[in-house]
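Heads up, there are several structures right after this.
After this come two complexes, each holding subunit A, first together with subunit B and then together with subunit C.
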Partner chain A sequence: MRHGVTVDLSTENRTLGSLSGKMIALGTTLAVLGLIGTLALGNLEGAFGGHEVESSAAAHDAGSHGPIHGFVTEWSIWHPYLVSACFFLTMTLGGLFFVLVHHITNAGWSTVVRRLAEGVSRNVVLMALIFIPLVFPDSMEALYKWVHPDPGDEIIAVKSSYLNYNWFLIRLAIYFTIWITFAWSYHRSSVAQDRDGDVQRSSRMSRMSPVGVALFAMSVTFAGYDLLMSLDAHWFSTIFGVYIFAGCVLSFHALLALIVVFLQANGRLTRAVSDEHMQDIGKMMFAFTVFWAYIAFSQYMLYWYANIPEETIWFVRRQSTWMWSFWSWVMVVGHFFVPFLFLVSKHIKRKRATIALGALWVLAMHWADMYYLVMPQISNGTEFPFTMIDITILVGMAGIFIIGLALSLRGHSLIAEKDPRMSESLAFENA
Partner chain B sequence: MNAEMNGSVEVHTITAETATDAKAVLMLAEFETADQLMDAATSMRDKGFKLWDCHTPYPVHGLDTAMGIRPTLLPWIVLCGGITGFCGGLLMQGWMNAVDYPFLISGKPFFSIPASIPVAFELTILLSAFASFGGMLALNGLPRFYRPHFRSDRFRRATADRFFISIDGRDRQFDIGANSRFLRDLGANAVEVIEE
Partner chain C sequence: MKRLLEALKPILRPELTGNAESPEVDNTAYSPDSRVDLITGGNDNTTITDKVCSIVEDKPTIGWWGFFLLAFSVLGLLGIFVPFLIFWGVGTWGVNNPVGWGYAIVNFVFWVGIGHAGTLISAILFLFRQKWRTSINRAAEAMTIFAVICAGMFPGIHVGRAWFAYWMFPLPNQMELWPNFRSPLLWDVFAVGTYFTVSLLFWYMGMIPDLATLRDRAKNSVRKIAYGALSLGWTGSNRQWHVYERSYLLLAALATPLVLSVHSVVSFDFAVSQVPGWHTTIFPPYFVAGAIFSGFAMVLTLLVPARQLFGLKDVITLKHLENMNKIIMLTGMLVGYAYSQEFFMAWYGGVKVEKFAFINRAFGQYAWAYWIMVSCNVLAPQIFWFKKMRTNIWVMFVVSIFVNIGMWFERFVITVTSLANDYTSSAWDYYTPKLADVMIMLGAFGLFFTLFALFCRFLPFIAMSEVRGVLADQAHSREAALARHSSEADSASGSQGEN
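Up next, the complex of A and B:
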């Protein structure tokens, strides 16, 4: 076979270098803008201060003679916070999954972009910090009804051995321990290989990856149940964890495409990551667009068919007002049909501008998906609780995420220098 | 089989035993390596040959570009198959459940999108698969049980360790003398002509 076109890595700009300073500056700007925006708008809209205590007390009163809900009906600042936190957490976990799957399958093509995935997955430490404010009793109470259920709520009473504050905290700690351990150890081992070129490191990472994937599957599933599904403690869906997983992998590949386009626009990895690799990243986005739709529809159709009130209520809430109905259609059309038709073409996937456009769209839809999972619980779907805070928190967290990415990717090569599959990956072509 | 000197280039001619009015239908050139084949294919393309092909023991990346093969029509055929399957699936169920034999099942509408999606989805996949398989066969002119290539014993190595270029006798530039010299110059270690 002809390897005359193989990229000579030594002539490639493959460190973040001065770009890390720019990323940190951009990230800081976004984070500060987000924070100021959130504080200013939050004050305008009365999200902080005594108002919250008052309303939760009122909700308690109403709870004793109103309908018994498994979810909180009062808007709080923690709802948009959870939306954005989950948006970035899922993306980060997608990065971890990418690394694990790369090793479990002994993948060749993805070697050139694996370091970027490792960098993204290390952001899970940052996500742990972002989740800390969420686990205080006040914020938990504002989000999850099961922390203080209505009196006489037997459904939550039955689930209380699982859904209770302490066990929730322990579980969350376990999830993050798993994620951080794997993200950091795989990254460390990979960077160490840059220096010593020890092939054994690859074998060891390969051998450990089945354990990693198994733990990843369990932790993501249960994290999805805990963080998002338990927002309505009466409702349940066994496929919910897979739904979250689909979002993780989809959003990560969109992020990966954007990172590559960004780095290449700044002269990094311009030849190492070729059109062929972009096409494969695009293929993964396409595949997980379909996978997400498959899972989302499976969940919908079974509940629609069985038509059992305790199951359908979750969808009824998302279809009974025109705004939420509209949002549901945005999910169907925008999260599936648009990216499906857009990403079918090989040429779209290979051109930087078009794949970046597709990736941005997919990320926007993923955020809309997280919003769709969290927000309709407020007021039982009778209101559309969109505020500018939704955006300001997103911008702020994006800033923090970019800073984390810059810190995570600097100080070593952007490419797994001495990976035994590097030459295979550099020469990779879609047959 | 007889060998003749054609100019300064040796060409093996294989003539079909049953042929009464033997005519050259194919020229085969054997190459040692994929790299030689790639270079040769590029030159063939640049020289403007139309009815010719490459035969390799394994997929050689970049050969399509070297040969100047235009993008295949197949994806569009598959797309049509998929759309037909999807729409056909919905129409079939709509007609069966709501028109031909309406039957009330657990209070659901006679025709509804959610209930129809699984079958429409499966038919999309099925007809896409049929379209891609059938379309591939049709575009390649398959099934075909015989090709002149099979008369050459040397050509059997195309499935093991040799790389071949074949030029169809109907190509406008088909000329035994000129072509065999050209192929030799490109690095072919043997040139054969099939007559039948």
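Up next, the complex of A and C:
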């Protein structure tokens, strides 16, 4: 502890100010580029037409003599859309988790960056908007086989009381209601404290946080099942919710590191957030890199070892062609070993340039992970479905995400001004 | 009646030491703008040292002897029934044809689980900078070591031919006979072995400064030599402290993955198989959560009476207990989460035998065990939502016992229900333990409590050197608060003056 050392915040630039305009301009540029790129490339790929014909032809095939799959084998524009939407959704939810855990543990160190996490978590409203195009019958049909299962598909029939269009919509609405309620109420309460300095707000938020974490756990788990696991409606894994959760927390900490580096490069929060805080954010990235690997390994190893066809098929599809095998190895090496080794050192975690590099890498890997979850069922894994649309949609959504972040962070301080733990957080030092 | 109570008072309240009864101070009041005092009762370095050392230095009282002798006699059951088992073979157990894994594996998993709290407290809570761990880590780590010893005993005796137990180790031999490296049972040998070694090292290393304190206070030569040898020439120099703290951090970082790995490997014993109810991917994190859950419950079961007996209520305060209760509540709900996901997936997966396995657990012939498990593990800790309950000594003691029972039954439910009713219904059978099963299980508790009683008697019960650090922080923050208060008072009076 740096006893007695106080950080003078009176001269610190603690608002987004003109930076919000820059962020919105950048976001708009990216969003427009992404949109134009997607439209142009999408037309080339025939993503906007002909889909109906193909899918009905495929359904006809499957109905007559083809194998019964629990998944859609046709590429559609909604596949890359879902990859990037889940990429940003998980990150946003990681922010909500960070805020809730801060309060549940009465944490000290993280107070200076909590407002940024609250800002990110508020983007969940934006994510709800991004998910709207996905829930139309056409796009759902293009993604999920269970919307119109093959006749004679007994496995989907068993779970049709869970996997059906209406119930799916209701569940999605429930998840987003939970997330939006918690993200907004915690942000509002925190900003209100900036004005009135009422410490009771902190106790109230602390008291509610266990309820929030419990609801968060259940909603993220089932959202993971619904949005990603049910892409192959035959496949199941009890650890899948934990896998998604690991990705949420890991990717959020990477995003948080990037936001801090970006703000500090633009003269914001240069003293409030110190090397010490960066080191802790880096430690969390390190910890969740390992945690993700632990969960991913558990899932893979147990299915590989028992070697039951209905379970291994999910992995077989991801390693029977050389490109998907390569992608699987990217998960092992790039998602685990590289950041694991990179983030061990304290100096790496404290230097802005290196932590930003690590964070970018982790985010890229998280996107690759979402890609790995969604795409391999296309053509049953026999072809590698990568197109430039994957990238243009990512760029476009990143633009929208940045605009949302700018709107979410502006209009109030970038730190929780009158949080009673602020002085403890400012003085924080890794002993 | 009154006179009887008077006469029994020294036995009912068998203060082990000359420590005066310390009053129960409620230091759990949550305040968002300050941190509570972790050590109450106006203790300073001297009083802490005196309190902790007197447990070892004073003559043991009737209470300690009573506890020790009781535990030691229960341990005697092992002395009778283990030779009995080795002589007659596993036929003395209730295991039958489908249920080849009975009490032995249940007890093994139970004890390994208990052995998780110590390392979690000393390694993971250390990395999370949870200062409250300092009052409880020593006892919890000791408990970990003893629990792993109890656990390690079971594979040794349940191999059937105990004299070949050393075959579990990959020893070079003329018969070219090697253990099956693809079997998770062998991975257990390595996982538990590593865990035991590292926990022991961690525990011992953390104890060195305190052993040196005992050495320096020793009044007879036996103690001087014993504690002198154990403290490895510790002088408390700056340089030694520097090296000590570096290595403590390193060991903590190395021990952290072990907290996860050991019970994950134990869960592989079940989950790599194709047995319905065992083969499910959430098993590794679910077992780890359960292990921490049961470990913390056992720490509470031991510490609630111990702090009373040793007059340590101002060192292991209500705040410490409340924090442990919160962890019990959290991990209890994680376990509940796993139960619910298993159940959901058994239905969602559409695999008939899997669905049957879970319905059979809840409503079949072992439903009684299943509902004991659910009520003890999921429902009982819910009472900790209420602060009054999680700061009530009696409530937490009772809940901790419930959790111990519930976690034993969890392993029973997993092991026995899945084996008793698997794919081939013609081979189903009901498992009933025999006398030897029950006696060996009880004997393991005897071993555990005997070792714990000896630990209380001969080793420093509290990490004195670490508690001194907490005291220093506490004094410092109090000074800072005073300074802040007086400067606020100054500015307030100044503004009044202007008016």
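By definition in this document, the second predicted complex is superposed on the first by the 411 of 431 C-alpha atoms of A that agree within 3 Å, B and C clash if a C-alpha of one lies under 4 Å from a C-alpha of the other, contacts with A are read in each partner's own complex, and residues count from 1 in each chain.
Following the convention adopted for this analysis, a contact is a pair of C-beta atoms (placed from the backbone, for glycine too) under 8 Å apart; a residue touches a chain by one contact, two chains touch by 3 or more.
Just so we're clear, the structure is a prediction, and the values are computed from it rather than from any experiment.
Student: In the overlay, answer first, second, both or neither for which of subunit B and subunit C A:Ser84 touches.
Tutor: The answer is neither, since A:Ser84 touches no partner chain.
Student: After the superposition on A, what does A:Ser206 contact: first (subunit B), second (subunit C), both or neither?
Tutor: The answer is second: A:Ser206 touches subunit C but not subunit B.
Student: On the A-aligned overlay, A:Tyr305 touches which partner chain: subunit B = first, subunit C = second, or both, or neither?
Tutor: After superposing on A, A:Tyr305 lies in contact with both subunit B and subunit C.
Student: Check the residue A:Thr38 against both partner chains and state whether it touches subunit B (first), subunit C (second), both, or neither.
Tutor: Touch partners of A:Thr38: none, neither subunit B nor subunit C.
Student: After superposition on the shared chain, which partner residues are touched by A:Thr73: those of subunit B (first), subunit C (second), both, or neither?
Tutor: neither
Student: Which partner chains sit in contact with A:Glu429 here, subunit B, subunit C, both or neither? Use first/second/both/neither.
Tutor: first
Student: Which partner, subunit B or subunit C, touches the larger number of subunit A residues?
Tutor: The larger set of subunit A residues in touch belongs to C.
Student: What is the shared patch of subunit A, the residues that subunit B and subunit C both contact?
Tutor: The answer is residues 1, 4, 301, 305, 431 of subunit A.
Student: Which residues, counting only subunit A, touch subunit B once they are in their complex?
Tutor: 1-2, 4-5, 297, 300-301, 304-305, 307, 344, 429, 431
Student: Quick one: which bits of subunit C touch subunit A in the complex? Just the residue numbers, please.
Tutor: Those in contact with subunit A are residues 30-35, 129, 257, 260, 264, 268, 271-274, 279-285, 333, 337-338, 341-342, 345, 347-351, 385, 473, 476, 480.
Student: Please give the residue numbers of subunit B that touch subunit A in the complex, ascending.
Tutor: On the subunit B side, the touching residues are 34-35, 38, 59-62, 79, 106-108, 114-115, 117-118.
Student: Per the contact definition, I'd like the list of subunit A residues that touch subunit C in the complex.
Tutor: 1, 3-4, 106, 154-155, 158-159, 162, 199-200, 202-203, 206, 210, 214, 217-218, 221, 225, 234, 236-242, 290, 294-295, 298-299, 301-303, 305-306, 308, 310, 420-421, 424, 431
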